[in-house]
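Please see the structure below; I have some questions.
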Amino acid sequence: MIDALTGVIAIPAVAAALLSVLPGYRLTARLNVVAALLTFLTAVSLFIVDPRSGPYLLVDDLNKVFIVLTTFVGFTTSVFSASYIDHEIEIGRLTPAFVRFYHAMYQVLMFAMNLALVANNIGLMWVAIEMATLTTVLMVGIYRTHEALEAAWKYFILGSVGIALALFGTILVYMAARPVIGEGLEAMVWTVLVTHAAKFDPALLNVAFVFLLLGYGTKVGLAPLHAWLPDAHAEGPTPISAVLSGLLLNVALYALLRFKMLLALNPAAIAPGPLMVIMGLISCLFAAFMLYRRRDIKRMFAYSSIEHMGIIVFAFGMGGPLANFAGLLHMSMHSLTKSAIFFAVGHIAQVKGTQKIADMGGLTVTSPVLGWGLVLGVVAIAGLPPLGIFTSEFLIISSTFAREPWLAAILVLGILVALGGLFLRLNTIAFGAPRGPTSRAEASYVPMFVHLAIVFVAGIYMPPALVDGFQNVARLLG
Amino acid sequence: MLLVLLLSPLLTGFVRKVKARLLRRRGPPLLQPYRDLVRLLRKEVVLADSASWLFRVIPYIVFAGTWVAVSLVPTFRSGLLFSWSADLIALIALLGSARFFLALAGLDVGTSFGGIGSSREVMIASLAEPAMLMIVFTLALTAGSTQLSTMAAYMMSGQVGLRVSLGLALLALIIVAIAENARIPVDNPATHLELTMVHEAMVLEYSGRHLALIDFASELKLLLYVSVIACLFVPWGIAPPDGGAAAITIGILSYVAKLFVGGFLLAVFETSIAKMRVFRVPAFLGAALMLGLLGTLLLFVSRSL
Amino acid sequence: MVVYALCGVAALLALAPIAVMLRASPNASGVIYGASLIVSVMLSIVGLLNLFAGTSSAATLPLGLPWLGAHFRIDSLAAFFIIIVNVGGAAASLFALGYGQHEQAPERVLPFYPAYLAAMNLVVLCDDAFSFLLSWEFMSLSSWALVVAHHRERENLQAGYVYLLMASFGTLALLLAFGLLAGANGNYLFDAIRASHPSSSVAALVLILALAGAGSKAGIVPLHAWLPLAHPAAPSHVSALMSGVMTKVAVYGFVRIAFDLLGAPAWWWSMLVLSVGGITAVMGVLYALMQHDLKRLLAYHTVENIGIIYIGLGLALAFKAHGMAAAAALALTAGLLHVFNHSIFKSLLFFGAGAVLNSTGERDMEHLGGLIHRMPQTAFVFLVGCVAISALPPLNGFVSEWLTFQAILLSPQLPSWGLKFLVPAVGALLALSAALAAACFVKAFGVSFLGRPRTSAAADAQETDSNSLAAMFFLSALCLIAGILPGIFIDALGPVTKTLIGVSMPHQTGLDWLTVVPIAESRSSYNGLLVFIFVTLSGSIAAFAIHRLASDKLRRGPAWDCGYPDASPATQYTASSFAQPIRRVYGTALFRAREIGEMPPPGATAPARLTVELRDLIWEAAYEPIATFVSYATERLNVLQFLTIRRYLTLVFSALVLLLLVLAIWP
Amino acid sequence: MRGLSFDVSHLLAGSLVLVSFIQLYQDRLYALLNVYALHALVLAASVAWQAFVQDAPHLYLTAVIALVFKAIIIPTALHRIIVRLGIHREIETVVGVGPTMLLGMGLVALSMVVMLRVTADADPLAREDLAFALSVVLLGLLMMVTRRNAVSQVVGFMSLENGLVLAATGAKGMPLVVEISVAFSVLIAFIVIGIFLFRIRERFDTVDVQALDRFRGERQ
C-alpha cells in the first residue's frame, strides 16, 4: 500500500525516472517543480495521517521535522532553480542535455535524502546518504570547468573515505547489537536498537560512534573534515549549493543525532556530548576566522554554513531540553536563511557575471531588491534580531553559559568574529559606489523572500504547535 | 550690595598706590579708578565691523554675574538677604559663566589677539576652577556645609582649631585668587605686551562704556576674592544676622580693614615677584590643585580616624 | 497604561513599511516625520501621566519565546526613560520635518527612523530578558542602517562596521549576564530574576558584564571608540537621537540591572563604576577639545557626560551598599537628572550642528566662523546649548552637576577606605571635566559662530528653516526651565528613586522661592530662579543706568587688534590654535601630541606650516592589537584553504587516530 | 571444528594485515599492484571461509566479487592506465618506508588495544576479526596519506575497503553485506574511471580538463 511515508520517497523516484527521459528543459523544469511540490504536500500530510513505521520505514517526531523542512526547501529551491537554469542556458553555460541530467539528478537527490530520513535501518540510511553524496558529486562537477572538476574530485575522494568510515561504524553498531538482539535484519532496525540499547556492549559502541562521528561528520562539514565543502559550494550550480547547505548537511546531522540518541541510552558508553561540543566549537571558531579572507562570495557563505553547523552540533552536544530545542530551531532557521542567501547570491552572480566579491559593489544601488535581500539574509545569518537565528543563539548561549561558562564564551567569540567577517564583506558587496558591470537577469524573488519572511516571523512569533513538536523532539534527544 | 560697588574701585586704586609706593613712585591717587570709570563711560564706543550683538551684550552679562556673585558673599554681616539662594559652588559657577562669556567676547571680533587671550584664559581657568572646587570641598567638609554664611559662622566659633588641610586650602585659595584676578605672576593687568597678555588681550577690542563695565567687573572680582578669603579665614568681626547697629558698624569697619590688609599684602607680593611664562602657569596652578586635593584627602582620612 | 505605550510603538513600527512604500513620493519625509512626531508626543504624554501617577502596569503578548511570551511593564523608571526617549524623538522628528527635506537618499533613512524610535521605546518597556535583548540589538541594527545611510563615503561604512561590532559585543556581554541571571533552565522573566538571589560572585560577574555591555553602548572609556565615528556619520537628527537618547537607553539598561535586578550591591562595585565614570568624563572632554569636526566634538562630549552620569550612579551604588538611603537617593537623582538634561542639550547642540552643516555643507570648524551674523537664531539656541552643557548657572546643566557635588560632599561618612580615597579623586576629575567642558564650548561656539567667516561657504550661509528652529527653541526653553525650576524635576524623579532605593529626596517644590535643598538648608541650597532673576535684574539695572547716565554714542570702525590692521580672516584663531595651550598642558602625555613646524628658508616663497599630530593611545592599545591578531590568525588559517587532497586526508586520518587514542586511554 | 574455524579465520585475517604491511613496503607501482591482487585474494579466501563457517551462501558471492573484480580486473586496468598515461613507476613517499612501517605497527597496536577492550561476552572470532579489520582499514588510510601517487592512493583506498568487507563478513549474519561490497566495487570503479578521465598522472589534485574535453569530443 502507498501511504504518505512511501509517497515521500516514491514521488521523487518516479519523477527522477521521468525527467531522465523527457526532452525539453522548460518542461522538465516545471515537472521538477511539480514533483517537489507533491513531495512537500505528502510530507505535510504526514502530520495528518500519521502512518505507522514498518521494518524499513520509520516516522516519528524527530524525522517529521526534518522531512518537512527538507521537502519544503527542496520545493522552493526547485522554483529558484527553474529561473536560474533558464539564465544559465541563455548565456550558454549549460546545454539542454546537461539540464535534463541535472533535473533527473535533482530528483534522485531528493529521493536519497528523504530515504535517509525515513529509513528505519542503519544500513539503509547509510546507503541513502552515500547515494545523496555521489549525486551531489556529479552535480557539483556539472559545469565541467577546471575548478568545478577539481572541486567535484576533492568532494568525491574525501566523501568516499567518509563513506568507508561511516560504514565501519555501522558494522560495529551491528556487532554491538547482534549478541543482544540476535543475527539478521532485526539488529539494524532503529526501533529495535533503541529498545535494547542499554544492554549493548559499551566499548564497541564507543568505537562505533568515533567512526560514525568522523564518517557522517565529514558530510556535516565539521572541521577538520570540512575540506570538500567550500569548494563544492563555490563551484557547483547555486541551487545545488543551496541544497547542500540547507539540506544535505542536515541529513548527515540527522544520522549523527540518531546515533547520539543510541549512545545516550547506554549508561556505560562514553557520553557523545563532549566530543560533539568540542568538534562544534572547533568548526565554529575555525570557520569564523576563515570568513575574512574570502574572495568568492559563495565560498564565503559556505564557510558560514560550517560555522553554523558547528553551533548546531555544539547545541546538541550540550544537550538538555533548552539547548536541544535551540539546536533544532537553529538548524531549521539556518536551512531557510542560508538557502535564501544562496538564492540571492545566485542571481547576484548572474547579474554581475562573476562570483568575485571584488567585482561587486553598491548592489543596493544597482539592483536594490537583490541587494537588500542579501543584506537582510546576512543580518539574519549573523544572528541579529528580529530574525529567527537570534532567538536560537540567544537560547543556546544563555542556557549554556550558566552550565559551561568557558565553552559558551568561546562560542560567543566565534559568533562575534563571524559577524565581523560577514559584515566586512557585506560592506563591499552591498554598499559603497557601484562597481563592475551589471546585466539584466529576470530573477524569481519569491523563494528568497518567502524564506526570509518565515525566518522573520519565527524571530518574533512561533506557533505553539511547532513549539510543541520541537519540544517533544528535544525531549526525545534527551 | 552697593557697598561692594563703592568699595571695589577703591581697593584697586589702593593696590596700585601701594605698588607704586613700593617702587618709589608717587603713583596715581587713590580715587583714580573712579575717574577712569567715569571717563570711559563718557567716551563713545568704537565697535569693530565684525562685532556681533553678542559682543555688545556680554559686558552687561559679565558685570551682572560678577556683581551677583559678590553680593552673595557675607562681607560684614552673615546671613545677608537671599544669601541662601546660592552656595559657594554656585558662586564659583557664576564667575565661571562670566569668564565663559568674556572668552567668547575675545573670539567675537575675529582678531588674533582676542584668540590668544581667550585660549590662555580658558587654559588657566581649566586648572583654577577645579582647584577652587577642591578648596571648597575642604572647607565644606570641615564646616559641613557649602553655605558661605554657615561656613563663616562655623569658622568664627572657635571649634575649628588649626587644621593642616585648612592651611593647604588657604595657600591654594591665594594662588587661585591671584590667577583668577590676572595678577602677577600669572598675568599683568598693566601691560599690553602681546606675548604676556591674557586678560587684557581678550578685552582689547572693547572701548567706552563696555570697557568701563568690564573693568568694573574685574575690580569687583578682586574685591570678591579678598572678601571670600577674609570671611572664611579671618571671619572675626562679621556681624551676626541679628546683630544691631553697633555690630554692623564694627562689621563694616573690620571688613574695610581686612580689605586694606589684603590689598597691601597683594601689592607687596606682586612687587616682590616676577611675571612667569604663560606655560609655567599650569605648574603653578597645578600646585594649587594638588594642595586642594591633598587637603580634601586629609580631611576624608582624618574624618574616619 | 503600558497598552497605550505599546500601541504607540506598534504605530511607529507600522510606519517603517509605509516608508518603504512611499519611498518614491516627494512628500514621504513629511508624512513619516510628522507621524512619528505625533506618536512621540503621545508616548511622552503617556510617560508623564505614568510617572506622576507613580503606578506600574504590565502586559504580556504571545510573542517572543512561546513558553514565555513577551512581557512589558511600565514602572516609574521606565516611564522616566520613556519621557526622555520620546521628548528627544519628538524634537528630532520636528527638526527633521525641515532638515529631512535636504536628505539626498531619503529611502535609506525614512524606513529605519521610526523603527529606531520604536526599538528604543521597546527596550525601556520590556520586562523579560529575551525581548529586552531583542529590542536592544534591534535598536543597534536600525541605528546601524541609519549610520550607513550615506554609504558612499568610505568612512561612514567603516564607522558603521566598528559600530555594529561594538554593539554586538555589548549585546553578547549582556546576553551572558542574563544567561547567568536566568540560570540553566532559563527563567528569563525579570520578576523571576529579581526573586532569584544570585551568589555574590555571580552577581559581581553580572555587574561587570552589564558594565561592559551597557557601557559599550553608552560609550564609557575604553569602549567608546565607535561612538565618535558613528554618531557624526548619521544624518544630524539621527546623531541627536543616538547621542542624546540612545546612550541614555544604555544607561537605563545598566540602572535596570545594577539597581533593580541584582538586588543589594557590594561596596566595591561602586569603586569600579566610579573610577570608570571619572576616567570617562575627563578623557571624553579632552578628546573633544582636540577635535575640530563639530559633530565629532559633540560626540566626544557625550562620552564626557556619560562619565558624569556614571559618577552619579557609582555614588548611588556606594551609598546604597552602605545603607545610606537618603544620600543614595540624592546621588541617583543627580545622575538621572543629568541623564535628562544631557538628552535635552545634546540633542539641541546636534540640531544646531545639523543646521550649520545644512546651510554651509561644512562640519569642519576651521572652515566656519562668523555664522552669528548669517544665522542669528541658530547661533542663539546653540549658545544656550553651550552654556547649558558647560554646567553654568542658571541653566540646567549646572543643577545636576551641583547635585553630584553635593553627593560627593556626603561621601566622608562612607566607612570603606577605598572609597575614601577614590571619591575625592573622582570629585577632582569631575571638577576638571566641568572646567574643560566650558573651555571646549568656548572653542566650539567661538570658532564656528563668532569671528569672521573663514570660507565663502560660511560667508553666505542661510538661516535654517522654521521647523528646525522650532525644535531648537523648544529644547532651549526646556534647558532654561529645568535650570531655574529644578525642584519640579527633582520631585518628578521621586518615585523612581523610591522604587530603586526605597526612599526619595525630600520634597522640593513646597519650599519658598522654589529653592533646591538636597539635605538641609544650613548645609547647602541653590535657587536657580533667584540667581536668574538677580542676574537679569542687575544686568538690566546696569544697562539702564549706563544708557541713562553715560553716552550711548557708537561708532563702527575696523578692529583695532593692538594696531595690526589686517583684512584676512585667516589670521583668526583657529580651533586647533585655540586648543593649543590646553594641548600643551594635557595633550603631550595623553595624546603624544607633537607640533611639527616647517619653516621655509629665508627668501623662499613657500608658506611655513605647522602640523599637529595626535595619537589615540586607547585605540592603539586596545583595538589595533585585536585587528592585527585577527588578520594574523586569518592569514595563518587561510593556508588550510589551499591544501592538497592528500593533506586533507591526513587531517581526517589524524583526527581518527586521535579519537581512537582517546578511546584507548579511556578508563 | 570451532577451534579450527577460529584458527583458520584468524590466520586469514592476520595474513591480510601482513599483506597490508607488504603493500606499505613497496616502492614500485607494478609490484604494488601485484601485492594488492594478493591482498584481494586473501580477502576472497577469508570471505569464503566465513561463508563456509557461517554457512551463509550469499557470502560466496562476495568472495567471487572480491576474487574476480578486485584481484583481477582492477589491477589489470590500473596496469593499462599506467601504461596509457605513462605514469612513471616509482612511488613517491611522504615519509620514508621505515617510519611508515613503524607507524603501521603503532596503528595495529592501537586497533588491538581499542578492540580487545571489548568485553569478553562478544565471541572471540568476531573480536579478532574486528581487530584485524580495523588495522587493515587504518593501514589503508595510512597508505593513502603517505603516498603521493594517485594510483598508490587508490590502492590504499581499496585495501581500506577490503578491511571493511572483512569486518562486514566477520559480523555474523549481517544483512546487505553483498550489496555493500557491490556498492564499493562500483565506487572503486568510479575512482579508477575518474583517474583515467581526468588524466590524473601524478597527484590526486591535478585535474587535466583539456584531456577531458578531448574525450568528450571523441564521444560525440
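As written, the chain order gives the labels A, B, C and D, with residue 1 at the start of each chain.
Simple rule for what comes next: a residue touches a chain if its C-beta (ideal position, glycine included) is under 8 Å from a C-beta of that chain, and two chains touch if they have at least 3 such contacts.
Source: prediction; values computed, not measured.
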Chains in simultaneous contact with subunit B and subunit C: none
Chain pair, C-D or A-D, that carries the greater number of C-beta contacts: A-D
CA centroid of subunit C to CA centroid of subunit D, Å: 70
Averaged-CA centre spacing for the pair subunit D and subunit A, given as whole angstrom: 32
Subunit A and subunit C, separation of their C-alpha mean positions in angstrom: 44
Separation of subunit B from subunit D, taking each centre as the mean of its C-alpha atoms, in whole Å: 100
Sites on subunit A at which at least two other chains make contact: 153-154, 157, 161, 207
Multi-chain contact residues (two or more partners), subunit B: none
Residues of subunit C whose C-beta touches two or more other chains: 645, 649, 652, 656, 660, 663
Touching pairs among all chains present in the structure: A-C, A-D, B-C, C-D
In the complex with subunit A, residue positions of subunit D that touch it: 114-115, 117-119, 121-123, 126, 130, 133-134, 137, 141, 144, 157, 160-161, 163-164, 167-168, 171-176, 179-180, 183, 187, 190-191, 194, 198, 204-205, 207, 209, 212-213
Sites on subunit C touched by subunit A in the complex: 62-67, 129-130, 133-135, 137-138, 141, 148, 151-152, 154, 157, 160-161, 164-165, 168-169, 172, 175-176, 178-180, 182-186, 188, 630-631, 633-635, 637-638, 640-641, 643, 645, 648-649, 651-652, 655-656, 659-660, 663, 666
List of subunit C residues in touch with subunit B within their complex: 369-370, 372-373, 376, 379, 383, 387, 390-393, 398, 402, 405-406, 408-409, 411-412, 415, 417, 420-421, 423-425, 427-428, 431-432, 434-436, 438-439, 441-443, 445-447, 450-452, 513, 515, 521-527, 530-531, 534-540, 542-543, 546, 549-562, 564, 569, 571-573, 577-582, 584-585
Subunit A residues within the subunit D interface of the complex: 123, 127, 130, 134, 144-146, 149-150, 153-154, 156-157, 160-161, 163-164, 167-168, 171-172, 174-175, 178-179, 183-185, 187-188, 201, 203-204, 207
For the subunit C and subunit D complex, residues of the former touching the latter: 644-646, 649-650, 652-653, 656-657, 660-661, 663-664
